[in-house]
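Step one of this worksheet: look at the structure below.
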Amino acid sequence: MSPEIIQPPEWAWYYIAVYFFVAGTSAGAYFIGAMEELFGSGGEREVSRAACYIAFPLLVLVPIPLIADLGRPERFWHLFIYNQGGYPYLNLVSPMSVGSWVLLIFSACALLSFLDNLVADRVISFPLFSRYYNRIPRRLYAVLGSLAGFFIAGYTGVLLNVTARPFWAATSPLMGALFIVSGASTGAAAISLYLIWRRRNSGGEVERLEAFDRVVMVSELVLIALLLVLAGRTALPLMTLPFVAMFWLGTVALGIVVPLWFKYRSRRHPFGDAPVLAHYLCILAGGLLLRISLLQAGQL
Amino acid sequence: MGISRRKFLKVTSGIVGGGVAAELGILNVDTAAAAAKAGKVPIKSGRQIPSICPYCAVGCGQIVTVDDAGVIVDIQGNPDSPINQGTLCPKGAATLQLVKNEQRWSTVKYRAPGSDRWEEKPLDWAMSRIAELTKKTRDANFNEFQDMPDGKGGTIRKRVMNTYAIASLGGATMDNEWNYLHQKLMHALGVVYLENQARI
Amino acid sequence: MGSNMAECHPVAFRWPLKAKTDHGAVLMHVDPRFTRTSAACDVHVPIRAGSDIVFLGAIINHVINSRRWNEDPFYREFVVNYTNAATLVNPDFKGTEELDGVFSGLAPDGKSYANATWSYQRNPAPGKGKGGLGPFSDLLLQQLPGRPKTDPTMQDPHCVLQIIKRHYARYTPALVEKVCGCSAEQFTKVAQTMLENSGREKTANITYAVGWTQHTVGVQIIRAAAMLQALLGNIGRPGGGVLALRGHATIQGSTDIATLYHSLPAYLNMPDGRKKHDSLKDFILTEAGPLATSYWGNYPKFAVSYFKAQFGAAATAENDYGYDYHPKITGDHSHMPMMLDMGAGKIKGFFVMGQNPAVGGQNARLQRKALAKLDWMVVRDYFETETASFWRNSPEILSGELKPADIKTEVFFLPAAAVAEMEGSFTNTQRLLQQHDKAADPPGDARSDSWFTYHLGKRLQAMYRDSANPLDWGIKNLAWDYEPEAKEVAPWRIKDEPSAYRVLKEINGYTVADGKPLATFANLKEDGTTVCGAWIYTGVVPEEGKNNAARRKPDEWISPNWGFAWPANRHIMYNRASADSQGRPWSEAKKLILWDPDADSGTKDLSGNPVRGKWVAPSGEGIDFQPTKAPAMVGKDAALGFDWLSGNDAFIMRADGKAWLFAPAGLVDGPLPAHYEPYESPVANRVYRQQSNPVAKVWRTEGNVYHGVADPKYPIVVSTYRVTEHHLSGTMSRWLPWLAELMPELFCEVSPELAAEKGIRNAGYVTIVTARGEIEARALVTRRIKPFVLDGKKVHEIGLPWHWGWQGNAKGDVVNDLSAMVGDPNVSIHEGKVFTCDIRAGRKGGRS
Amino acid sequence: MAKGMFVDTTICTGCKACQVACKQWNGLSAEPAHFGKRSGVPYPVADNFTGDSYDNTGTLSATDWRHVRFIEQIDESRREKRWLFSSDSCKHCSDAGCLNACPTKAIVRTDLGNVVVQQETCIGCKFCIPSCPYGVISFSEETGTAHKCTLCNDRIHNGLGTACAKACPTGSIRFGELADLKKRADARLAQLKGKGEQARIYGYEEADGLKVFYLFADRPKVYGQPEDPVVPQRRLVLCSLVTILTAIGVGAAALVNFRERLNGKDEEESNES
């Protein structure tokens, strides 16, 4: 192809990349929570609770950057209703179209789980709700929601892969995969942070979460490597400032390698709270910088 | 690297091309809706007046379209013309912007001697002032006779009936009718510095 | 050659390109630059600007010495019958071979020629013909010359062909290499292709434009092309000829109905104080005498009808039809001397209509300064042109050289109507009159150009109405009534536009008695009973209410029912030559008109029997010949016009009915084209000792300094030209954003070789300097421009399109600030196509 | 039924009439980015000189739906001389990346096969822009929507040809039935091949066939066209598969780590009672 002719969408990173990150984290968190919900010992349910309390509030932020980046924000509803026909519209080959719809489903599930936990924690009382209160519905939308969550975490990457921009096209089909694992790790980090905040960061659950996180972050490193191999010359922008700082320093070093080292090391001699807090923050920052880097590198 | 990547893309599209194409068929390419538009897509229209391109001397035929309000809305090549058969060059194609142009002046501008600015004036005022100046200048500088070389080193008095004080320089994108009227008037006034772009 | 057709006449180029793709025609472009035209041609041969005559002369030499030309009977038949190749020239004639670059008759001061020795050898003058033709024609009959002597074998050393052979003997491929800077192979390819594609079955065309006219030898370059085409039998035949591509919508009309100082409408000369023009009789005898044996034998009718048109009823036989009140020219009043005289304060008032000398005029700086000397100036245009704003923001004002306060010129800007906003006719480059109708009223106070001139005339006539001064007779008695009929102006807001139809009808001509339009100029009279503004246009309004310029029925070929081609709807002039000496088409492929011996001519002989035989044109083409003159018919010696011409005298506007290979008259700089270097040239003339055209028009005045030959300060050749995206001085294009963005800024085309020498970066700025001025431009470094190696010497050439000025949406310096006023001696056209300069990297005043 | 255009670049003279005719008919302004302000000048002044041969408009844009490329191929000796021109525009792909990508059905294909952006529907998400393998479709800050050549949708649905094809003085751009155009193209190709000139058709296979296709005298790359354009959506299935597999992988990882249910079940139940 001759790259120079293919135009960049000029998506604003502070909208779109931030959306990728927030949605990814939210989805990651939700899915972890769901897993805990479905397969974890219901004992403390700290993780799943945390997940639900993270997933939805984050989602609430999501539409803002999405709509703000539109040329005609007031028309955002066209994403769901064909304005000339008045009927719902879904374009299966357009990740953006499908994504919008799934985002709707995911938000619904997240909202339910959110309420559900508020009820369980007696934050709000909802007599009717608590009367028939049991885990079945919770499991149901946990399943549905985590599937949707996976999608939300992943489709943003696919969306980039199915364009003609050289870098995004060349990195096909791995972008979605990378975004999923990244979403999982940032989700995990978010949960951990929440738990620290709630002083619940202890016990088997957290252990298991950590273990999971390590696996995820290793695979994230592997995926990044593969992605760069695929990208070849189109990845050259990543070798220039500010990407060296954002991507290599921010994402790879501080966002993944250092936290990983930290995690493995802390298994033998634990650190104090502060470093722990810091390394989760690093993971989150790394996740954000990853999205920004990959978005902007494709728009240069 | 690039090659292998290209191969990879090829394979990819090869594998899934069919599948996606199918998807497109069902889910996306909705000609039904668009087909409804066919035939009743609105289009510029109006009275069509034959004209000629104002630029070069090839003489391409043009069609000027005027809407109901009498405003020129479109100018393009005349398909009947055996010269251009409906085609135009970029200048000819831009003729509409020559007619409808924000920078075009449609009022008389006057610059008084020594002034550093234009002022607007009524057309009638300008015409009488110009006529007045023309007469004044001609009458003050009219030659009935002039000594001309007789070819034998001497001079001979010739009737010339002209004035050298007024000159006229015309463009060559102005009608034959103007050329005729203008040479006629200038000759009647005795103007001999009568020139035109055609010299160049 | 001399034309960049694809760029300057893009739509016309549609047809040669069609010939190439659909009919296998070969397109060749001989041009200093590789242009968009060259890109579309099969062959491009770069030659140094100003070396055209060497190239053409060498083709002529190649042709007349070729086997094909000497053995194929076609060429001999064409040349002997239709050209003056066999005509014998005055034995006293001496050419450039004997006189090393000049012709016999050059005045001692070397500034003018007497052409007595260029004349034909003639038989004794005929006995006095019988009169009764008319007061002036009878006089013409009394002074007819004898027929020219000829040698049909073309062996006589004094016959034109032999003279040409000697004249062009030194124009060899080797000389072409030395002077033009192209290779002998490239030259031979062109020459051979021309030759092989001319003849009975095929014709070749040569197309030129201002690339040929804008030289001190412009007329002679075109002459050379015409000679070549005549020798090759390419004149008067379909697909042949020399096509002039002119630059403006009706520049042909402005020449036909001349708003040019030297000419009355329809190519009658302007009365001239320097000639014997003391009375209408003198005028006619002086002008028509030498031409009376051609169709110009009708000169008296044309002239009298013109004066009748001028002064109407006031023009009578008694007052010489007002001749005495008509102005006479007394010298060269053309554009360049006009502006110089203006600068000298000789001119007080100035009408500038649809023109922009502040940008378009040679040595434009001098011309702008001349405007500042005027008492008053009227500008009519669409936009605030550079000419209109010279007192406000011209370079001279910005540099402080001139101050508005010191400029006493009273300036009027009158807004003009666009073509679509008025009714009228244009004459295109093929002499085709086409009507454009009015589509809408112009905005505000904008009016048609005719409106301005008509109403100025009306106001002036009113002012002079009561004048008893005989000097005012002309304006007082001017026939000036073009009031529109109610129905003409009914649809419009503006009710006082003059009637375009009435003007065109007067141009066409009508009879005084009943005001009926004349169907043909054959109906003109010299007794004052017909009025005709321009005889060549007669037939455009053949009957009341019918306007042939508005005919719009096309067909697949000549389209005789589309518009009106003057004269008499003849699209290919001298088309008698499209048939052989027996009147048969040279070939089926090239059939145009032919002699049909059986057709009823429509005339009857003395005994009343219908005369058989006439010329017919299956295509509907107008016949440019006497319709009933049989090919074998021999003209009468004591007769005028058609009666003098014979059945093979195809070139009816020539006094001998032949195409002139050798020009016994009509040119002031020699009967044959000879190569002279441009007035400013980087090299000495390698063909003759005579460096440049000896009689070229030069004006050595302050501010118009010339560069010397091979001037070391100005070693680079510069050509000015146009690009597709703009129109001339840009008034009609630089104000259009659509066009402005296509060519946004003045640029200078430079070869990579020169760029390397001068450290010029592509898209960077360069400054170009001459003794007249200094301008800056963006550099476009391209291999389309090449340095020429002439006899071992490298000569750089640069190119400057000249569309830009300080006004409009696309701006740039004024290229014509660089050029000098120097002109062709025949027609006073400048030499903008080639002069010398120097160039350096960086902006004016050393900024980079 | 399908209409299209055949652009024979070998007879293009680079006059740009198509660019202006397009703007004239479609009411497009000159590209604002090409003009700047000058002190003391009340109107915008063009400042887009590029030095790239005679091409100053550079690319297609929301207001430049057509763009003529100028390619100078002249060797130092000036023996080999070619100046190639090519008028570029939307190709109206049979499998159109922009249309596939559009989430709102703003981009549709009409019954005549041309692809148009319905301005009243477009939300300006800009997804179509990187989805065009030819870099055609562009975003306009002015309207907040995407724009591109419509193949003169109004004209062709009213029995007229496109404005550019109508204006083209040399017939380099031709509008008509695809089948007829292909006949003409093949004939012209054969003619050139016969003269031993290198020439190729671009657009028969690309993107399931381009409704606007070209006759090139050199490689597509030379004309700034992709040598093997890929409709991006053709990667969709594979990308989705890989992503789903990853998701499953992550799910598995989670499963491995969170698997605890069986031994904890009783406690949970007792908690409940």
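First chain written, first letter: the chains are A, B, C and D, and each begins at residue 1.
Here is the rule we go by: a residue touches a chain if its C-beta (ideal position, glycine included) is under 8 Å from a C-beta of that chain, and two chains touch if they have at least 3 such contacts.
Treat the numbers as computed from the prediction; the structure is a model and nothing was measured.
Participant: Count the C-beta pairs in contact for B-C and for C-D, then report the pair with the higher count.
Facilitator: Pair with the higher count of C-beta contacts: B-C.
Participant: Among the chains, which is located farthest from subunit C on the basis of C-alpha centroids?
Facilitator: Farthest chain from subunit C, going by C-alpha centroids: A.
Participant: How far is the middle of subunit A from the middle of subunit C, if each middle is the mean of its Cα atoms, in Å?
Facilitator: About 78 Å, centre to centre.
Participant: Starting from the mean Cα coordinates of subunit A and subunit B, work out the distance between those two points in Å.
Facilitator: 61
Participant: Hey, how far is the Cα centre of subunit B from the one of subunit C, in Å?
Facilitator: 22
Participant: When the C-alpha atoms of subunit C and subunit D are each averaged to a single point, how far apart are the two points in Å?
Facilitator: Here the centre of subunit D sits 48 Å away from the centre of subunit C.
Participant: Would you pick out the residues of subunit B that each touch at least 2 other chains?
Facilitator: 9, 12, 20, 24, 28, 33, 75, 84, 87-90, 92, 94, 97, 103
Participant: Counting only residues that touch at least 2 other chains, which ones in subunit C make the list?
Facilitator: Each of 10-11, 14, 724-725, 737-739, 742, 809 in subunit C touches at least two other chains.
Participant: Multi-chain contacts only, two chains or more: what residues does subunit A have there?
Facilitator: Residues 84-85, 91, 93, 169, 172-173.
Participant: Name, in rising order, each residue of subunit B that touches subunit D in their complex.
Facilitator: 6, 9-10, 12-13, 15-17, 19-21, 24, 28-31, 33-35, 37-44, 74-77, 79, 84, 86-90, 92-94, 96-97, 102-103
Participant: State the interface residues of subunit D toward subunit C in the complex, per the touch definition above.
Facilitator: Interface residues on subunit D, with respect to subunit C: 11, 13-17, 19-20, 23-24, 29-31, 34-35, 38, 43-51, 53-54, 56-57, 72, 74-76, 78, 81-85, 169-171, 188, 191.
Participant: Taking the touch rule as given, give the residues of subunit C at its contact with subunit D in the complex, in rising order.
Facilitator: 6-7, 10-11, 13-14, 17-18, 21, 34, 36-40, 44, 46, 723-725, 737-745, 747, 762-763, 778-784, 786, 809-811
Participant: Note which residues of subunit D are touching subunit A in the complex, please.
Facilitator: 59, 97, 100-106, 118, 120-127, 129-135, 137-141, 143-146, 221, 224-230, 232-233, 235-236, 238-247, 249-251, 253-255, 257-261, 263-264, 267-268, 271
Participant: Where on subunit B does subunit C make contact in their complex?
Facilitator: It comes out as residues 47, 49-62, 64, 66, 70-72, 75, 80-85, 87-92, 94-95, 97-99, 101, 103-118, 122-123, 126-135, 137, 141-142, 144, 146, 148-149, 158-200.
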